[in-house]
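Next come the structures, one after another.
Across the two complexes that follow, chain A remains constant while its partner is chain B and subsequently chain C.
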Partner chain A sequence: MNDRGQLLLVTGFAIAVAIVALVLLLNTAIYTQNLATRSVDTGASDALAYRDTVADNLWPIVADENRKEYAHRSDLRANVSARIDQFTMLSAQRHLEGGASANVTNRTLHDGTRLVQDEGSREMTDATGSKANWTMANGVDGARTFDLNTTGGLENTTVLAADDEAFRVNVVGNGGSGNRWSVYVYRNLAGTHVAIKNGTDAGPTEVCPSLLAGPPKLNLTAGAIDGSNCDAIRFGKGATPPYEISLTYGNRSTGTYNATVNGTPPGVGNFNEPSTSPYEVPVVYGISVDVVYRTSGLQYRARIHLAPGGTP
Partner chain B sequence: MTTDRGVSTVVGYVLALGITTLLISGLLIAAGGAVDGRQNAVSRDSLEVVGQRLASKLMAADRLAETDPETVVVDVSLPSHIAGSGYGVTVNGSASELVLESNRADATVHVSFVTTTPVADAEVVGGDLRVVLTAAGELEVRAA
Partner chain C sequence: MRGQAHTLEAFVASLLVLGGVAFALQATAVTPLSASTSNQYVGNQERAAALGVMDAAEGNGTLAPTVTFYNTSGERFENSSTDGQYHNGGPPTAFGRALNGTFGDEHTAFNVVVRYRYENGSRGSEPMVDMGTPTDDAVVASRSVVLFDDTALSSASAGTVKSPVNGTFYASDADPNGVLFNVVEVRIVLWRI
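On to the complex of A and B.
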């Protein structure tokens, strides 16, 4: 009779175990509810926001320094670097306060040069005024702007004789040994003419005659004459970078030019220092940086290339 | 009279014991079934939540990967056990689907995701995971 309670005891114990198991499951369910309502923010939005901040704001800083027309490239680079450091510090502050590390590292400044002649009455000769056929820049991978504003003094010739007589800008591919692209500006009794020789053409062909009224203003990178579209004059068609950019018969046109090229002039003598025409200004053509963003649960590093109009 | 007196007591005792055993067995079986049923349901719900969290991190990594970065690593902190049982995560990149399966409970959950970046197939044990952008340009789920 003393053993009669065993069954109830074992049963009670088993039911207790089942209840404990249910309680543990309830605990899991509560934890799941908690997990389900927890934020899943990884910091990805902040990382992308930081990247965008850098991408949108770094170039204006560089462009501002480019506008200052430094005489020496070392000064330009030092000041650009200092301002980028300052920008990096300021832009990272908000993220640092939130426990994230945000940084801009591994920067590369791509050298470029702005070539300027701003005296409209001057012939397009070199700095000494003695060379009419001369090289403006070599090792050029691209040109961001190339505005050529002829004002007069154009040679009276024909398209057939243009190669031997007309003022022209040459872009020679493969560092000076490849195909030559040229834009010619000259006049005859019928008026002013612009002709183009593409890299693979044998000679020049007149282009966009309807747009011409007097010495033209050419935008060689946008492909425009006096502000109107003329795709045919787009810079360097048929020539392969790196380019050598030169002028031929620079004494047969007066005018101004403003070109920003991804390269440097071949040496001293062709250009003056700012701001005696023609002059060269060292510029930063483009910049590449690593954007690094880290939190406890996220690592992000992206290399971004900044230059107006695309990859430097 | 004296020989029959104990019979009703024994019969009564056996009957009482039998009925009690029957009732208790029913109770235990019902309780066990309820626990099992609840365990499966809770496991499924938990795996669903865990799968959704992993999918959201995978898609966050995809947003970062779309910016052509060199490095993307997103840590995903998940429980290593759900309803007292471990679980496995199978990443099916071509079907854009995560399959989470409990080791003990009868619970398998499919969670779909949408990414622009290709996702590598993988099989990992549930717990702290990491979504990494590989050199091949794929997002891969690894153990942390």
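On to the complex of A and C.
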């Protein structure tokens, strides 16, 4: 009888131990399964979020510096760099606290120039007021805005004589030696006229006559006259970049213009410093930066280009 | 006598077996709520959901208006409790409603803190939602919101974040020389209740 009691006791213990062992095995299996199926989060979502933050918010900061109308390009570049530094520092802090390094490096600022005349009664001559045929900018790869707002003083002529007599803006391809694109503005008894000579045309053709009533406001980058669509006047058709932009018979129109071009004026003398018309403002036309995000398990680098509204 | 002994032995044996089973149940860590490595996927899912809500809010432009939903003269978030925080859920904005819709019925509590920066990069914070003290297995999700000098307040207070008509905004201008105002972080702490 004593033997039997011992036997039962031992059996009970054995079963208990077996169950505990089984449970431990089961737990290990579950734990392993959990580890194996856990999503591998390397922090990629944070890296992408950082890139988006930079890509979405860097340009407004640069654009604001452009609006400040610095007289010297070196001041503009220094201030733009300082603003980017401060933005980078502020936006990187939360990643630094999480053990990631976030930075905006390898910055390239693309030089651009804003050409402005804001005195509506002034003729479209150069800064001295003596030259009617003059170059506004050369080495231009594109223009973001080109608003030409004529107010009067237009020459009385016809489309046939426009090349010899009318006020016009010229865009000459291949740095000044290629095809010439021109937009002409003039008037005669029939009213005000806008004509276009594409790079491959021999002479000007009148366009969008129904839109015209008095001296027109031309938007050469969007292709609009007085706010209505006129695709025919789009900037630089038939001419190959880099462009040279010039005015001919600038004394035969008064008005204002505001152009932001990816290039620089040919030298001193054609424009004044801000803000005596006509003046040039150094601007940052576009910016390219590397967004770099590093953690112990991730290295992310993306080159982003910011130049909103540029023409190709 | 012999029958009694057998009965006792059987009882002891069954106690041992049941004790083993009880111990085994204690030893396993498979319940979704117990704080251990094996329930991390719940946290991962919560974090992913919170990031999704924030990304959506960022995409449809409702994240920044929540950050600027501030009563500048009362110096607290609009319509919040007297301590300046919301306690019954998210703020009464589109983003707050999205948070409530995502987590309100899922037995998940969340705190929201807005962290901002001073000019030298040091950190300040403004608690927005306080639903209690997070548990040990709480997870954190955060996104950045960039405010500019001309960002308008979305509350009834008039003016911009830089120059409100009355009172002051909680964050200060971290880049006084530029148009950038501040880079704030919306930080959500989530845990199961």
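Before moving on, here are some points about what is shown:
Going forward, the second predicted complex is superposed on the first by the 277 of 312 C-alpha atoms of A that agree within 3 Å, B and C clash if a C-alpha of one lies under 4 Å from a C-alpha of the other, contacts with A are read in each partner's own complex, and residues count from 1 in each chain.
In this section, a residue touches a chain if its C-beta (ideal position, glycine included) is under 8 Å from a C-beta of that chain, and two chains touch if they have at least 3 such contacts.
Note that the coordinates shown come from a computational prediction; the quantities given were computed from them, not determined experimentally.
Residue contacts after overlaying the shared chain place A:A78 against neither chain B nor chain C.
In the superposition on chain A, A:A16 makes contact with chain C only, not with chain B.
In the superposed model, C is the one of chain B and chain C that contacts more residues of chain A. Looking at the shared chain after the overlay, A:R303 reaches chain B, while chain C stays out of its contact range. In the overlay built on the shared chain, the residue A:L24 is in contact with chain B and with chain C. Of the two partner chains, neither chain B nor chain C is touched by A:A213.
Judged by the touch definition given at the top, the superposed model places A:E65 against chain C, while chain B stays out of reach. When the two complexes are overlaid on their common chain A, residue A:L160 makes contact with neither chain B nor chain C. Shared contact residues of chain A with chain B and chain C: 8, 11, 15, 22, 24, 31, 35.
Only residues 7-8, 11, 14-15, 18, 21-22, 24-25, 28-29, 31-32, 35-36, 40, 42, 44, 47-48, 51, 290, 296-303 of chain A touch chain B when the two sit together in their complex. Residue ranges on chain A touching chain C, taken from their complex, read 1, 5, 8-9, 11-13, 15-17, 19-20, 22-24, 26-27, 30-31, 34-35, 37-39, 41, 45, 49-50, 53, 56-57, 60-61, 64-65, 79, 82-83, 86-87, 89-91, 93-94, 97.
Contact residues of chain C toward chain A in the complex are 2, 5, 9-10, 12-14, 16-17, 19-21, 23-24, 27-30, 37-38, 40-41, 44, 51, 55, 115, 117, 121, 123, 142-144, 146, 148, 174-175, 177-180, 182-183, 185. The residues of chain B lying in touch with chain A in their complex are 17, 20-21, 24, 27-28, 31-32, 34-35, 38-39, 42, 45-46, 49-50, 52-53, 56-57, 60-61, 63-64, 67-77, 79, 82-84.
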